[in-house]
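Structure first, then comments.
Each chain gets a letter, A, B and C, in the order it is written, and its residues are counted from 1.
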Amino acid sequence: MAAALQVVAVLAGAPLVMGGMRQVRARLEGRAGGGIGQPYRDLRKLLRKQQITPQGTTVVFALAPAVAAGSTLLIAAIVPLIALGSPLDSAADLFGVVGLLFLGTVALTLAALDTGTAFGGMGSSREITIAALVEPTILLAVFALSIPAHSANLAAIVSAAMQNPGQVFSPGSVLAFVALVIVTLAETGRLPVDNPSTHLEVTMIHPAMVLEYAGPKLAVVEWASGMRLTVLLALLANLFLPWGVAATDPSALGVLLGLAAITVKVAVLASVLAAGEVFIAKLRLFRVPELLAGSFLLALLAVTASSFLATTTQ
Amino acid sequence: MGILLLVPILAPLAAAALAAVLGWRRLSAWVTILAALSVLITAAVLGFGIESGVRFGVGDLLRVDSLGVTMLLVIGTVGTLATWASIGYIDAELAHRHTDQRGAHLYGVLLPVFLAAMALAVLANNIGVMWAAIEATTVATAFLVGHRRTRGALEASWKYVVICSVGIALAFLGTVLLYFASLHAGASSGQALDLDVLLSRAARLDPDVTRLAAGLLLLGYGAKVGLVPFHTWVADAQSQAPAPVSALMSGVLEAVAFCTLLRVKSVVDLSLGTGFLRTGLLTVGLLTLLVAASMLVVQKDFKRMLAYSSMENMGLIAIAASAGTRLAIAAILLHVLAHGIGKSLVFLAAGQLQAAHDSTAIRDVTGVLTRSRLIGASFAVGLAVLVGLPPFAMFASELSISRALAGAHLAWALGAALPLMVIAFAALVRHGTRMLLGPPDASSPAIAVPRSIAAALLTAVILSVALGMTAGPLTDLFHTAATQLGASH
Amino acid sequence: MTEATYTGALDLAAGAFLLTAVLIVWRRELSAIVRLLAWQGAALAVLPIIEGIYQREPAPIVVGVVVLLLRAVVLPILLARAVGTEDQERRESTPLVNTTASLLITAGLTVLAYAVTQPIIALDRSPTTRALPAVFAVILIAVFVMVSRRRALSQAVGFLMLDNSITATAFLITAGVPLIVELGASLDVLFAVFVLGLLTSHMRVAFGGTDLDQLRELRD
C-alpha cells in the first residue's frame, strides 16, 4: 500500500516541487512568479495539444518519454520514501536504482540522436559525457553509505541510519552527502551544471535533447524530469535524515506521518536548492568535469573514511 | 673534554655574531678564518684521543666518533680555504659593483652560520637534531647561492631551496617513522632518536616501518648529497653561487649529508641486514654517475662542469658505500677529504676565471696556463686530483673502492661504473686541456688574483700533494671510523 | 571525553585536514589557497589538543596552541603578504595538469597513501594511528601540488602543506617528536618560508612576475 502511495505521491507532487522551486527563485529575484500551480497548468496545456512527430524518427523517439517516466516511477515504487519494506524490497538495491536512473538518461539521449538534428546530437553527447562522470561518483558514494550498514539494500541503509543517528555526522557520511548533492544536481540538470530554464541553445544540455518533442510527449518528458528530481531529493533526504520513515507493514497513521515527513523534507531541500541557484551561475561546460571530478574525489574520501570507522567500531 | 665538542659549533657562530655587528670588515673576516681553523684544530685534538672510542658532550646531545672527526677535518680544511678566499672574492665583487655593502654584510654573517650548521650536523647525537642542522644549511646557503641577485642566481637559489627542502622534508618523515619504530622497540621518548640508543635497539626495530623510513631517508638526504632523483639543483646552485660557497657546497656540504646517510645506514643495516640499502645505494649511485657522465660530455659551462664532477664523485661514493666493507668506508673518507680540497682548488680558480672573463662558457676561456701561472697550475692540479691521476689521493681511494667492490661480490657494479667514470674522465680532460692549453687569444683579459685567494690556492695545492704522498695518521682514523660504523671486513 | 568521542573527534580533525588539502588542489585563487592553508594549520593544531584533553595532560595542549599560532596565523600571514598586488598575480596561471586530472590524481594518491601506511597501522592499532592514512595522503598531495603548480607562491604553499602533514604524522603516530627536534624543525620551516617569501619578492623585481615558467636561464 505504501509503495502505491509513494508512486501516486511522486506523480502528483513532482509538478508541485517544480512549481515551488520556480516560485522561490522568482520571489528571491524580485519577480512575482507564475504561482506554485503553474507546472500543472503547463502540463494540462501540453497534454491537450496535437501529437506531432518529426519526420524520419523511429520507435525510439516515440518510446523514450515512456521509458524515462516509467523508470522513474519504478524507482519511486521501490525506494523507501514513506515506509520501509516495499514489495520489491529485494530489488531495492542502491546499485539497481542507479541503473534505472541511467536507463532513463539513455532513453532520452537515444531519442535525441534519433531526431538527427544538430542540437539533439550536441545535447546527447554532453549529457552522456556528464553521465559518464556522474555514474562512478554515485556508485562510490553509495558504496560509502553501504559500509556502515553492511548492505547496499536501501531499506537496510535507512534503518541502520535510524538506529544510529550519530553516524550521520561522521566524516564519511558528510563527504558522501556532499558528493551525492553534487551528482544529484548534475543528474537532474540543475545549476551549476545545466540551466533548466535556458532558452540559449548553445549552453543547453537537457533542454537541447528534448527540443524536438511537442504536445503530450513533451508533457511526459517534463513530468518525468520533475519526478526524477523529486525522487532523488526524497531519497537523499531519507538516506541521511531518515526521521519519520514508517516501519515495515505500517499502520495508516504511520503512512500518513511518513508522507508528511517526506513532504516537509523535500519541500525544505527543494527550497534550499532553489535559493542556492539564485546565487550561482552556470559553469562553463569544460569546467563541469572539474566539479564532477571533485565530487568523485569526495565520494572516494567518503569510502576511505567510512572504512576506517567501520573497522574501528568492530 | 666534552666542552671541546662545542667549539666547532660555537666558534663559527661567534664569528657570525661579530660579522653581524661589524659588517664586512677585515677584522670579522679574519675572525671567521680563525673560527674555521679552530674547527680544524679541534678535529686534530679530538683525533688524537679518539682510539678510546666514542665521546659525548653536553649531556648526550653531542657525540663524536672517528667519522665525526674526519668530517670535522673536511669542514675545517675546506672551511679555512673558503673563508680565506672570501676576502679576495668579496673585495673584488665590491670593486666591480656586483654587490654592495649590505650584500657583503649578509655574506659575512651567513658563511660562518653555514659552517656551524654543518659542524652541528656531524656532531649531533640525535638524528632529529642532525636533520634540523642539515635543513639549516639549506636556509643559510639560500642567500649565499643567490648572492649576486642576477636572474640566474635567483633562479638557482629558488630551485635549490625548493628541491632541497622537499628532499629534506622526506628525510624528516623518515626520521619520524624511525622514531615511531624506536619507541615501539622500547626506547624512552627523550632518547629514541639518539644514535647510540638506535644502534643498541636496532635489532628490535619493526622491519616494515624501518624499510619505509630507510627509503625516505635515502631519498631525502640523497637530495642534499646531489643523488638522483633530486639532483637537479646541483648544477644550478653550484654554478651560480660565489666561488668559495661553491667549494663548500661541493666539497663539504654534500659530504656532510652523505655522512648522515652513513650513520643511518649503520642503524638500518643492523635492523634489516645490508641488502636493502645496498640495493638502494647502488641504484641511485649508478644513476647519478650515468647522469653526471652524460652531462659532462655535452657541457659548455665550466662551473656547471665542476658541479657535475661533484655529482660523479658522490655517485661513486654511494656505490662504494653499498659495498659497506671496512676498506670501502675508509676509501670513501679519503675520497671525501681529497675531493674537498681538490674542489676548493678548481672552484676558486674558476671563480677568478669567471671574474676575468665575465662568462662561464668553456669556449670563452683558453690558454689559462700561459696567461696566469698560478690560476692555471691550480686548475690543472685540481682537475688532476678530481679525475684521479696519481700521485694524488683520489687515485688511491678509487683503487681501494674498486678493490672493495670486487671483494664484496659487486664486480658487476664496478663493471657498470667503470665505463661511466672513463667517459667522465675523458670529458673533464678534454674540456680542461682546452681551457688550460689552447692558444691564448690576444684579446683575452688579464686574470687578476687577489693575495688571499692566491694564498688559499697555494695552500690547497700543497695539501693535495701532501695528501697524495701519504695519508699518514689519517689512515688509522679512517679505519677506526669504518670499524665504529660496524663495517665488516 | 569518552573513547568514542575521542575517536570521532580525531577522525573529524584528520578528515578536515585532508579536505583542506583537496580544496587547495581544487582552487586556483592564490588568496583562497592561503586561507585554506590557515584552516589546515588549525586542523593540525586540533590534533594534539584533542590528545591532551583525552589524556588529561597540559603539555600537548600547549604544543597545540603554539602550532595554531605558527601555522594558522604567522605562516599564512607571511604568505599572504607575498601574494602580489597586481591582478595577474592573484590567480594560479593554467596549471601544468588541469583541475579535473589533478583531482583524479589526488584520488589515486589517497588510495596509495592507504596502502603505504598499512605496515605502520599494523604495528600500532590505536585510534590515532588509524587516522594516519588521511594525513599521509596530504604528504603525497603536497608533493603533487609542488610539481604541478607554476606560481612561486603555490609552490611555497605546497611546501608548507608537506610540512604540516609530516608534523601531523608525527603527532598521530608518536604523539610528537622530542621537543628539541620539534623546535629545530619549526624554526627551520619558519626561516624557509621567510626565505621563499623574500626570494619571491626578489624574483618579482628581476623577472616582473613569479611565474616559475620564466625560470629558464639555467639549463644544459
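The criterion applied here is as follows: contacts are C-beta pairs under 8 Å (C-beta built on N, C-alpha and C of every residue); 3 or more make two chains touch, one makes a residue touch a chain.
These figures come from a predicted structure and were not determined experimentally.
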| item | value |
| --- | --- |
| Chain occupying the middle, per Cα centroid | C |
| Furthest chain, CA centroid comparison against subunit B | A |
| Distance from the mean Cα position of subunit B to that of subunit A, given in whole angstrom | 65 |
| Between subunit A and subunit C, centroid-to-centroid distance (C-alpha), Å | 37 |
| Geometric centre distance via CA averages, subunit C-subunit B, whole Å | 31 |
| Numbers and ranges of subunit C residues touching at least 2 other chains | none |
| Subunit C contact footprint on subunit B (complex, rising order) | 61, 126, 128-129, 131-133, 135-136, 138-139, 142-143, 146, 149-152, 154-159, 161-162, 165-166, 169, 172-173, 175-177, 179-181, 183-184, 189-190, 192-193, 206, 208-209, 211-212, 235-236, 239-240, 295, 298-299, 304 |
| Interfacial residue positions of subunit C with respect to subunit A in the complex | 7-8, 11-12, 15-16, 18-19, 22, 26, 98-101, 103-104, 106-107, 110-111, 114, 127, 130-131, 133-134 |
| Complex contacts: residues of subunit C adjacent to subunit B | 116, 119-120, 122-124, 139, 143, 146, 152, 155, 159, 162-163, 166, 169-170, 173-175, 177-178, 180-181, 184-185, 187-188, 191-192, 195-196, 198-199, 202-203, 206-207, 212, 215, 217-218, 220 |
| Residue numbers on subunit A that touch subunit C, as the complex places them | 170-171, 175, 287, 289-290, 292-294, 296-298, 300-301, 304-305, 308-309, 311-312 |
